[in-house]
Amino acid sequence: MSLLELKNVTLKFGGLTAVNDVSFAVEEGEVFALVGPNGAGKSTIFNMISRFYTPFSGDILFQGRTILDRPPHEIAGLGIARTFQNIELFEQASVLQNLLAGRHTHRRSNFLTELLFTPFVRREEHRHREAVEHVIDFLDLQAYRDKTIAGLPYGVRKVVEMGRALSIAPKLLLLDEPASGLSVEETQDVAFWIEDIKKVLGITVLMVEHDMHLVSSVCDRVLALANGRQIALGTPHEVQTHPAVIEAYLGSDDKEEAA
Amino acid sequence: ETQGVTDTEVVIGSNQDMSGIFAAFGAPAVKAANLYFKEVNDKGGVHGRKIRFVVEDHGYQMPKAMQALNKLVNSDKVFAMFLSLGTPMNVAAFPLLEQKKIANVAPLTSARQMVEPPSPYKYAGFTSYYDQIRLGLKYMKDNAGTKNVCSMYIPSDFGLEIKEGTDAGVKENGLEMKAETTHKPDEQDFVGSLTKLKQAGCDTITVALGVRQVITVLATAKKMGWTDAKFLGGTASFHTAIAKVPGGLTEGFYAASGWPDIVARMGDPEVKAWVEAYQKEAGEFPSTGALLGRSAAESLVRGLEAAGKDLTPESFQKGMESLKYEDKIAGVPTDFTDDHIGGDLLVISRIENGDWKELARQ
Amino acid sequence: MRIVFKRSYEADIRLFKHGAQAFWYGLLLAAAMALPFLLGDFMVGEATNVLIWAVGGLGLMLLVGQSGQASLGHAAFLAIGAYACVLLQTLLNVPFILAFPLSGIITGLVGALFALPVTRLHGIYLAIATLAVSVMMEDVIVLSEPLTGGVNGLFAPDIEIFGIGFNRYSNPAGLYWLVLGICVLLVIGYRNILRSPLGRAFAAVRDSEISAQAMGINVAATKALAFGLSTAITGLGGALMGHFASVFNHETFNIVISINLLLMIVIGGLGSIHGAFLGAMVIGLLPQAIAFSRDHLTATFGLDSIAIPGLEAGVFGLILIGFILFEPYGIYGRWLKIRTYLELFPFYRRDMFRRQKSYLKTERIR
Amino acid sequence: MTQPVLRIENLESYYGPIMAIRGVSLEVHEGQIVTVLGANGAGKTTLMKTISGVMDPEKGTVRLNGEEIQGLEPDAVVRKGVVHVPEGREIFPLLSVEDNLKMGAYTRPDREGIASDIDMVYSYFPILKERYKQDAGTLSGGQQQMLAIGRGLMARPKIMLFDEPSLGLSPLLVKEIFAIIRRLNRDQKVTMLLVEQNARIALDAAHYGYVLELGRIVMEGDAAKLAASRDIQEFYLGVREEGQRGQRRWKQRKTWR
Amino acid sequence: MDTLQLLISGLANGCVYGLIALGFVLIYKATEAVNFAQGDFMMFGAFITLSLTNSGHMGLPFWLAVPMAIAIMALVGFLLEVVVIRRMFGQSQIAVVILTIAIGFVARFLAGVIWGHEPQSLESPFAGMDVRIGGLVLGFDEIATIIVTLLLTGGLYLFFARTRLGVAMQAASQNQLAAYYMGIPVKRVHSMVWALSGAVATVAGILFAAKGSIDPSTGLLGIKASAAAVIGGFGSLPGALLGGLVIGLIEPLSSRYIAAGVSQVMPYLILVLVLILRPHGILSQVKAKKV
């Protein structure tokens, strides 16, 4: 059984078919990438998995069970975490608070116990905090832990977003362009992190990325989309050398570089 | 030791609406009263005491009114409350006033709670809205052929009182009550209600609305072509602004009030002098509010005078209860000896050619 | 500047950041408790009034400052609290000590019930919808005459707890202490929520509903809960306000009160508990301050203030304009700057707090 | 050399108490492409914002053809011919694609010129033409970036400030964008100041480069020279020895409490 | 016939609400701020006209007074923005809301001082004039109100949708920073729209005063107008008119066919119902964020 499976998923915005009959499966333990030209429908697929959009037709299965009957806020509870392409952090809160917000699915107290701040709530807080500290260490966010998001540079925000998703302790992590806006050095960090997320934390990753170096260095399989349709699926190398992908996405002189 | 009284001064407080929805009454009333107090003070005051008039503006908000009351009673230490506006504000003040033996003179509300249950510290200026409308309807029946009555009112203490007066008038005079509509103080549009009342077949409508609303109602009725309807208001509608509306929109409106219109009595030199003095001070023709303020101030000052040199709550009560005089400006005989209500006059007037014309009095 | 060494997770969880902070708040509380010994009845009454407003404001603060939902109708919930508290006592003979918390719970339930269908509203839409509720509440009160006494209103019985009376005029200090105690309890509860997952969920919903959902937060439920908690606190404030006024009717809690409540927390400083109290001081004391300065000026210069009706309201408006222009983040925001200045002294920079150019983006994208 | 069109001296900018750029000086000469490299949080965006007037510097001067422009309102700076394509797109989400482009030409009076420039932008980015009526806010991330760049071009600026133009664009489009940048610079003599995380392609296009670290300029030189420098290669171009890799990996550390 | 009569005056009333709502929407559309003093603007505009034209005051001809009053109020709106509102540029919306509420306090106070608290009637050329078609009575004021409102709404709609300045105003509200990057003088645009809304408020005020009388608390009508703007979809010009008409019609119809007391609650009840079904009004201006 695949961890995540899309079956013939189609989504239209008015007359525009943003995702057209897409099917693929992400296996447990792999890093799977979606690539494709701008507007191919990659983020839209993420949004359907997050249940922000409901597919026009087709089905989305997580651990063999459809998620289309779930409202958006139950997705994280199933073990699916995501980041956003344009960064959607809680601007007025600190990094630490943002990460702790990621622990919401693990909340076991209710508003009454929290109103009284019972010892149980206190213990829980310690537990959340410990989990978050792991993430902070993992992503090297020590320097920023108490900074408000509103004052952070773009690159750091990207990392915080990843950290917040990791705090959910998901089974499947959706990363929408994790390396955009990062320098080469930082992109390399991201590559290491993704590898560790897969190997050490045992989390399956589905990501969208335009940096083909990153994709080829960390991904097990790649699906290329164009105009909402899938055009190639295979190893990074296979996809990068696929003529349709080169034509629509990479541009021709990239052939030598990739080879 | 009486609070608010020294050898040279007596402090009078007023909890007023000078900026809220009833500012049209509160503001001129205070001006007129103040003008009168100034006159008195310039002549040396009452028994050598100057009147210090402290006015707080609650903007018709309860919390502010309570704050203002706290200030007036506990900080300014007033001797008497005077001309305070708003039924809930006055009612809420009574427990404290009773406790401190502070009189509440001529509040700007004709609700019956102002004198009921009776208390040595409660004095009202004029007949209640209730009686005005009740007796007004009798006149309408006898002289204007009223048979079927309707009522438009704001469901507040003020409106309810007029509504009850209407009911009583209907009953006493063998009329028929056809329909009633309720309204909000900030309502602007009455087409629907008037259509309904017209359909209900009434010929006379008693109104308990704001001044601006009365104008709109009358104009709307004219516009709807409902020209044979007769509208009757109380003191609160007995207003110059209503008479002065251009285009004859308010022509024929009746009012039953506690005094005759001032314009018609400008021949009286005393009245004329007052109107001119007020106009000079306030920049506008004295309205209902101003008249109320002026009359109330006169009662208060006369009461203080009658209380004698030794001013205490008890002597003041005696003083007030001895008052019986002719209020020249209002044109009303005033008498506190029988009850704690001063003016007992009722005047029926109607708007003709842009002025109020007196039709009858009792 | 104080540097706090955080040696354990507790450092971020506990109520006070450090000992000195605990000391200052302790001192503040002690001073507040000593107030009736220092001031006369009049000022104690005013102080009680300020605290009651602060209770109402705390409720609205939780909603606006923490969960980002603006309400222009909280007077309606003040009203529910006041009516519930008095009716419980007079109709069902529930003693105040029970009726008071119950009135909060009832108001909270009504608030949450109202919120459920409208959790998809934002910003101005919610503000006007709540305003509508406030307007309609007046009619509901008038219409439920058998219960509410209609336009004649209700008389609040004296607060009595275990035989001790807390009448506003005969035992002003007692009433003050009672209200102060309620304030302290509410503040602790408020703080507890802020430092627990719910507080973070509120902030999440405020900053980005989309991310909040992605974090597994049920936005609708969280907003409704925020509404419920907020209106519960405001209901308690209303109950106190009702007893303080001793008689109230449908006009007591009109829209102007709603607006004042919002004014109060914005001027105090949105999002902070301090803001509710600082704002209450402005809204509560400013009218009196204006009145006293007017009396003073009148006395000194022999002017006649009565000549200008509505002057107080006008001056009040002008001062509010001044407050907002001077510090859009409220008094508490200004205080934080002053504190930083003092802590950094003499290493502050002159332009440190100069307002930077800032830019808004549309709220029409959700 | 001639007088620089843009000359920045000792610029200091703050966010409240935080000093983001600390005395930066740089020069951009007519017809040049100048790139600013720097790590995350170095202050590149802050520098750009200070030049275009959306932030006021606390000290220092920004001279455009010798005239001081620091602290001016941003719209005045645009009217002097400086256009900023900002980081993070900043499109008008509720306006159509075409209206967005038209707004780019707000300061221009010539109707025909605007119409032909819109066609030019459409020829660069055909997808925008396809979507000319769509609300810009519903475009995909990359499409929005194209729109932001196209909109910047609509002003026919003398100087363009690009803050990470390649953000979120497909590899093919990154190449195209830089081809456009080069072409504009060559054919229309548009002077450019370019901030880009993709240092390789930026240095490739640029004539001259600066390196900004923690709010200070730490290095400058001809683009080719910079590209050859060891430090640049290591930190900005990603050329490094394999050995360092292992050290940077995350290890499970003991957590303090 | 009765119902027709009701509908017509409901329309006329609705147009006045719509015009005030239009003022709200103008400012919101161009600055994202909500001007809670809009009703007071209207009151001021009406009083200024009254001062210019009434025989007791300056006694200018009505048709001279109207453009003068509009110009004066446009100037007032402009100056208010430049002197006060602008200082809040870029600050949170709620602070601006509070600011305008406070401005409303001051405006009512000033009106009270200048014109007193008594209701006054505007001497308009169409006072009491009407045409009769069968049993139907059409007041000149009503006809004028409906025509002027339709023209104004249509004109403003075209202005925002078609002209460069109109689109720039929209742009400035959606993203102030980006508008600056485009060279749009955002602050000047704000002043202009405040001036415009002052002018529109004056028109509303004149039409309102022509139907009855005004006093300083007339401005509280703004509350109901804000409800109208929200019903229509805050930010939409046709929506403002639509919302105004909904309220204008529901009032007389409900007081005729349900109960008079209900008519004042109905607008708010409708508002809440509309918002439950369409959380951002009938012509919603709110779009989902694309992530």
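Labels for the chains are A, B, C, D and E, by order of writing; each one numbers its residues from 1.
One rule holds in what follows: contacts are C-beta pairs under 8 Å (C-beta built on N, C-alpha and C of every residue); 3 or more make two chains touch, one makes a residue touch a chain.
The model shown is predicted, which means the values in this text are computed figures rather than measured ones.
*Asks:* According to the touch definition, list the chains common to the neighbour sets of chain D and chain E.
*Replies:* A, C
*Asks:* According to the touch definition, list the chains common to the neighbour sets of chain A and chain E.
*Replies:* Where chain A and chain E share a partner, that partner set is C, D.
*Asks:* From chain C, which chain is the farthest off, judged by mean CA positions?
*Replies:* Looking at centroid distances, D is the chain farthest away.
*Asks:* Please work out which of B-E and A-C is bridged by more C-beta pairs in contact, and write that pair.
*Replies:* Spelling it out, more C-beta pairs touch across B-E than across the other pair.
*Asks:* Between chain C and chain D, tell me the centre distance in angstrom, where each centre is the average of that chain's C-alpha atoms.
*Replies:* Whole-Å distance between the two chain centres: 46.
*Asks:* Just curious, how far off is chain B from chain A if you go by their C-alpha centres, in Å?
*Replies:* Each chain's C-alpha centroid was found; their separation is 73 Å.
*Asks:* How far is the middle of chain A from the middle of chain D, if each middle is the mean of its Cα atoms, in Å?
*Replies:* Those two chain centres are 27 Å apart.
*Asks:* Would you mind pulling out the distance in Å between where the CA atoms of chain C average out and where those of chain E do?
*Replies:* 32
*Asks:* Of all residues in chain A, which are in touch with two or more distinct other chains?
*Replies:* 43, 52, 84-86, 88, 126, 130
*Asks:* Which chain E residues sit where two or more other chains touch them?
*Replies:* 108-109, 112, 117, 174-175, 177, 180, 223, 261, 264, 285, 287, 289, 291
*Asks:* Two-or-more-chain contact residues of chain C, please, as numbers and ranges.
*Replies:* Answer for chain C, listing residues that touch two or more other chains: 9, 210, 309-311, 313-314, 357, 359, 362, 364-365.
*Asks:* What chain-chain pairs meet the touch criterion?
*Replies:* Pairwise, the chains that meet the contact rule are A-C, A-D, A-E, B-C, B-E, C-D, C-E, D-E.
*Asks:* In their complex, what parts of chain D are in touch with chain A?
*Replies:* Touch list, chain D to chain A: 15, 18, 39-41, 45, 87-89, 127, 138-143, 145-146, 164, 167-176, 197-200, 235-238, 245, 248-250, 252-253, 255-257.
*Asks:* Within the complex, which stretch of chain E touches chain C?
*Replies:* Against chain C, the touching part of chain E is residues 28, 32, 34, 84, 87-95, 97-99, 101-106, 108-110, 112-113, 117, 173-177, 180, 223, 226-227, 230, 234-235, 261, 264-265, 268-269, 271-272, 275-276, 279-281, 285-289, 291.
*Asks:* What part of chain A is in contact with chain E in the complex they form?
*Replies:* My answer: residues 43, 47, 52, 84-86, 88.
*Asks:* Could you please specify the touching residues of chain D with respect to chain C in the complex?
*Replies:* Touching chain C: residues 14-17, 54-56, 58, 93-94, 137, 257 of chain D.
*Asks:* Which bits of chain A are touching chain D when the two form their complex?
*Replies:* 13, 36-40, 43-44, 85-86, 126, 130, 133-134, 137-138, 140, 151-156, 177, 180-189, 192-193, 196, 200, 210, 212, 248-251, 253-254
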